[in-house]
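These notes open a run of structures that come right after.
You will see subunit A twice below: alongside subunit B first, and alongside subunit C after that.
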Partner chain A sequence: MNIRLIAGLTVLVVLVVAAVLAPWLAPHDPMTQSLFNQLLPPAWLAGGDANFLLGTDNLGRDLLSRLIYGAQPALLVMFVGATLSGMLGVVLGLIAGFFGGWLDAVISRIVDVFMSFPPMLLAIVLVAVVGPGVGAVITAIILIGWTRSCRLVRGEVLALREQEFVTSARVLGVSRLRMIVHEILPNLLPLLSVLFGLEMGRAIVTETILSFVGFSSSSIPTWGSIIADSRPYIYQAWWAMAYPTLVIMIAVLGLNALGDGLRQATDPLARR
Partner chain B sequence: MPALTIKLAFSLMLEVRGLRLSLPDRGHKPAFGRTPMLEILKGVDLSVPAGASVGVVGESGSGKSTLARTLVRLYRPTAGTIVFDGEEVGSLEGMALRSLRTRMQMVFQDSQSALNPRLRIGTILADPFIVHGRVRTTTEALARAEALLEQVGLSRQYLFRYPHQLSGGQRQRIGIARAIALGPRLVLADEIVSGLDVSVQVQILELLSTLRASTGMAVVLISHDLSVVRTFCDSVIVMRHGEIVEAGPTASLFEAPQHPYTRRLLRAIPLPEVDPSWIDSVNLIED
Partner chain C sequence: MTVSYLLRRLLFTLPTILGVIVIVFVLLRVVPGDPIAMMIGSEATPEDIQRLREVYGLDKSIPHQFVVYLGNLLTGDFGTSISLKQNALTLVLGRLPATLELAIVAMVIAVACGLALALVATYWRKSWVSPVIDAFDSIALSIPEFLWALLLVLAFGVLFANLPISGRFDPARQTDFVTQFYLFESLLRGRFADALDLLRYLLLPALALALPLMAIISRVLSGSLREALGQDYILLARVKGFSAARVLLRHALPNALLPTITITGVHFIFLVGGTVLVELIFSYPGIGNMLFGAAMNRDLPLIQSVTIVFALLFIGLNFLIDLSYTLVNPRVKVG
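Coming up: the complex of A and B.
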């Protein structure tokens, strides 16, 4: 049994269901303020209201509804961010590793430059230039994330290139493109699935941090902005910060497990 | 004797003259400036008649593998000529080089690394037909792959296996199958039986002999194991430090080696020397 794959898929399915069915699942509108119900504790604590299962924030908005709606931007950011940053990194890493020479030198130096720059600072500068919003957050995730996949893929391709099945493909007269697609790429699958899981998790964390410093979208509740909004009230209402943090942790852990599980599932050496 | 020369040139399928190869010596790469070049092949002459089997022996580092890799044009010779079927192939590029790939093939030493671990045997064996446009559909390619499997003595169920599910000997059969897929005139076999059990070695060499007889292809067998070369090859060349020290028909080279290096190599063959009285000295009953 592939426990990681099952756990990861469960988390992913829950996220997708929450995002898609948010209007039907959420008991309240996530933006509706109710000044009579400010900072209500979760229902099971003293002073809690069964109407607001996880309590409310400082403006009396229902925390559970906000968390459910927060799955929408989270999914968008993690899928689009991880896919695009992964694709950019994989393509450049493949080129650098496979062709070597000056192409490798140029790509590797660009990676060095990007990596030497504090990633969060890079993201903040970018969002400041482009303006806040989900698009800017995704762009930031791509700019930060591609270097990691590029470097990992490059190293893996360098090792694969020396394997004799690549040499034998050359002796068979296989074209370079076919060699990359047909011989190298299938061998990158385990690495790519782990990488994709990690990058999806990182995307959520990056979004949280950017929200926390106020650079994400303000029109829809994101998990990061819920944490940021609740920070001043941490001593009166810990739950408003604790639950979104918990949700983020479970999501990130689940996505990492998903990547690991996929690696096991796609590795022919693992299933004998 | 011009007539004899012409006749020889005609019957020789592969004729290598003064082959030299220098590669960058990465072990001595300086921090700045050019990487020094290291000459690995220092003027090799080699003749392979059509359908023949030629052995190349020598210690590791003698340049035998590099010779094979240069012949299949994984490297471009620094100097010298490689005439294959009347065509100089040492400087071929692009489409002409691709056409050479169908006529000259190679089997690799490490069958584990020579087969892509993520592709099924069927995919690996269908590849040559697809790459060179010999088939129109995948089904057709798989049928050809199945026929190849049969040729190397494996059943069709192996089409759906992965390389790691096969034994070393079976993997080497797949390596041979892939090499003969396009019907080459010459197959270079680089240490293909080293690392296999002796009984499996014999089976693989027998398979190669059978295929050679049935297809009329020539085989260049590279080995450090002289007994392997002795049973399989018509003629032998002995290499040392990138040069040929001795060449000749197998029988005469093994009977009367001329060069001192060859004599030393022959003396190094381990022979089963067992004194029949040895059994008496063993205490079979433990007290």
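Coming up: the complex of A and C.
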């Protein structure tokens, strides 16, 4: 029984379902404002309205609907951001680790330079300069994410390169490309699964932070913007900030568990 | 450790610093298009813009601009903040102590609590305590400081207690501090009422920063403690009849500490990076918060100063941590 894999998949499935079926699942339009229904408490608290299960925000918008719609940008940014930053990091890490020499020196130096900035600082500066939007958020995620996978993959490849099965492949005269694809990559799979889970969680958090500071697209509700909108009313309506915070926490924990579970499933040593 | 070794190590950081400057230059000077159009209002005529381009040397080639830029930075000229109309570097350095104080208090919390958790989990390793601490560590580790900050605001700022959730001290309080290190200064001058107030404001942001590192310290130290407890000298200490607590504290702990010190150094840098967000959530007046103001106003000189000061801080800390390894671990050869 791979509990982590099951828990992670459950979280992922819920996210995907919420994002895809948002127009049918959400009881209200996430953008419709209502002056009569401002800051309504959730249905189970005094003064709650069964029409608005989780209550409303300061503009009278339904929080449940906004949370459900918020899964769309989160999922988009998570998949695209984590995939692209992972691919960039893996390719550069493979090159640095496998070929070594001056290529390794140059790539490692660039990683050092990027790691000399606090990651979120770099993301904020980039989005501040380029201007807000989903594209800028994804670019920021790639910019700060690739160094982590690059460093880890490089280290792993350095270790793998010295293994006997790689040496024997070399003796047999296997081409370098074939060696990377058939010998190195399959052995990187456990590491890559963990990394992908971690990076997906990080991408969601980065998106939340950037939309929290108002740097994401404003046409769709994002979890970060729900947090930002509810922050000034925290003493009147604490729940409005609690939902998105909890949703993001569960998403991050679930995605990390998914990565761990995938590692267990792909690592022949862990499976035993 | 010789002076020549120190100098050589310092020399190694130069390419990294140059790389940092190149990235900042590309991000702030090349990507955004026309910095002049951003600096002056929309009412400027094309002639005005052309004149300013010449004044700032923007009509020259990019490499030429970079050399001028590098010269400015080396002479300490980071430009004038557009929104605050003051020397950008002075502004940032004035805020830096607040950020450092936050990071140091967070570090102290992380080390103290992490150490305690590891010792408790190891001492009661056969009871339910150990798995509970283990679960706590996993959660504390996976959740980034940004979410911890929000949760702490909700839990201890609003729901269960009424701790302050914004600012650095009670605005009603008189502040005649000489330095910007308010907490350290009030402690040194024996003004404990001030110190207590400052700590009340620091507690939640510092805790949000400390939680992930606390979990890492607890994890790594528990691991090495358990390993140490299986060694022969521990068996000897037990045979000598020392109490379990004494064996743990006096015999196992000193021998298990090294990996924890190493990893704490590395993660202290991440903790310092985390201040950017935590300061924003708690409206704490450090350089992270200054960055957000600068980003909102597209105040490029100020953004640049914060970025470079932060990067230099990271590189400096890395340098110090590397040096401390050679001091802490006699097995690391200097060469």
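A few notes on this one:
Keep in mind that, in the parts below, the second predicted complex is superposed on the first by the 271 of 272 C-alpha atoms of A that agree within 3 Å, B and C clash if a C-alpha of one lies under 4 Å from a C-alpha of the other, contacts with A are read in each partner's own complex, and residues count from 1 in each chain.
In this section, contacts are C-beta pairs under 8 Å (C-beta built on N, C-alpha and C of every residue); 3 or more make two chains touch, one makes a residue touch a chain.
Predicted model only: the values in this text are computed from it and were never measured.
More residues of subunit A are in touch with C than with the other of subunit B and subunit C. In the superposed model, A:163 makes contact with subunit B only, not with subunit C.
Of the two partner chains placed by the overlay, only subunit C lies in contact with A:119; subunit B stays clear of it. In the superposed model, A:171 makes contact with subunit B only, not with subunit C.
Of the two partner chains, subunit C is the only one that A:235 touches; subunit B does not reach it. The residues of subunit A shared by its contacts with subunit B and with subunit C come to none at all.
Subunit B contributes residues 72, 74, 97-98, 101-102, 105-106, 108-110, 113-119, 127-128, 131-132, 162, 164-165, 175, 178 to its touches with subunit A in the complex.
Subunit A contributes residues 109-110, 112-122, 124-130, 201-202, 205, 208-209, 213-215, 227, 234-235, 238, 241-242, 245, 248-249, 252-253, 256 to its touches with subunit C in the complex. Of all residues in subunit A, those touching subunit B in their complex are 163-165, 167-175, 178, 182-183, 186-187, 189, 268-269, 272. Considering their complex, residues 15-16, 19-20, 22-23, 27-28, 31-32, 139, 142-144, 146-147, 150-151, 153-154, 157-159, 165, 272-277, 280, 288, 291-292, 294-296, 298, 300, 303, 306-307, 310-311, 314-315, 318 of subunit C touch subunit A.
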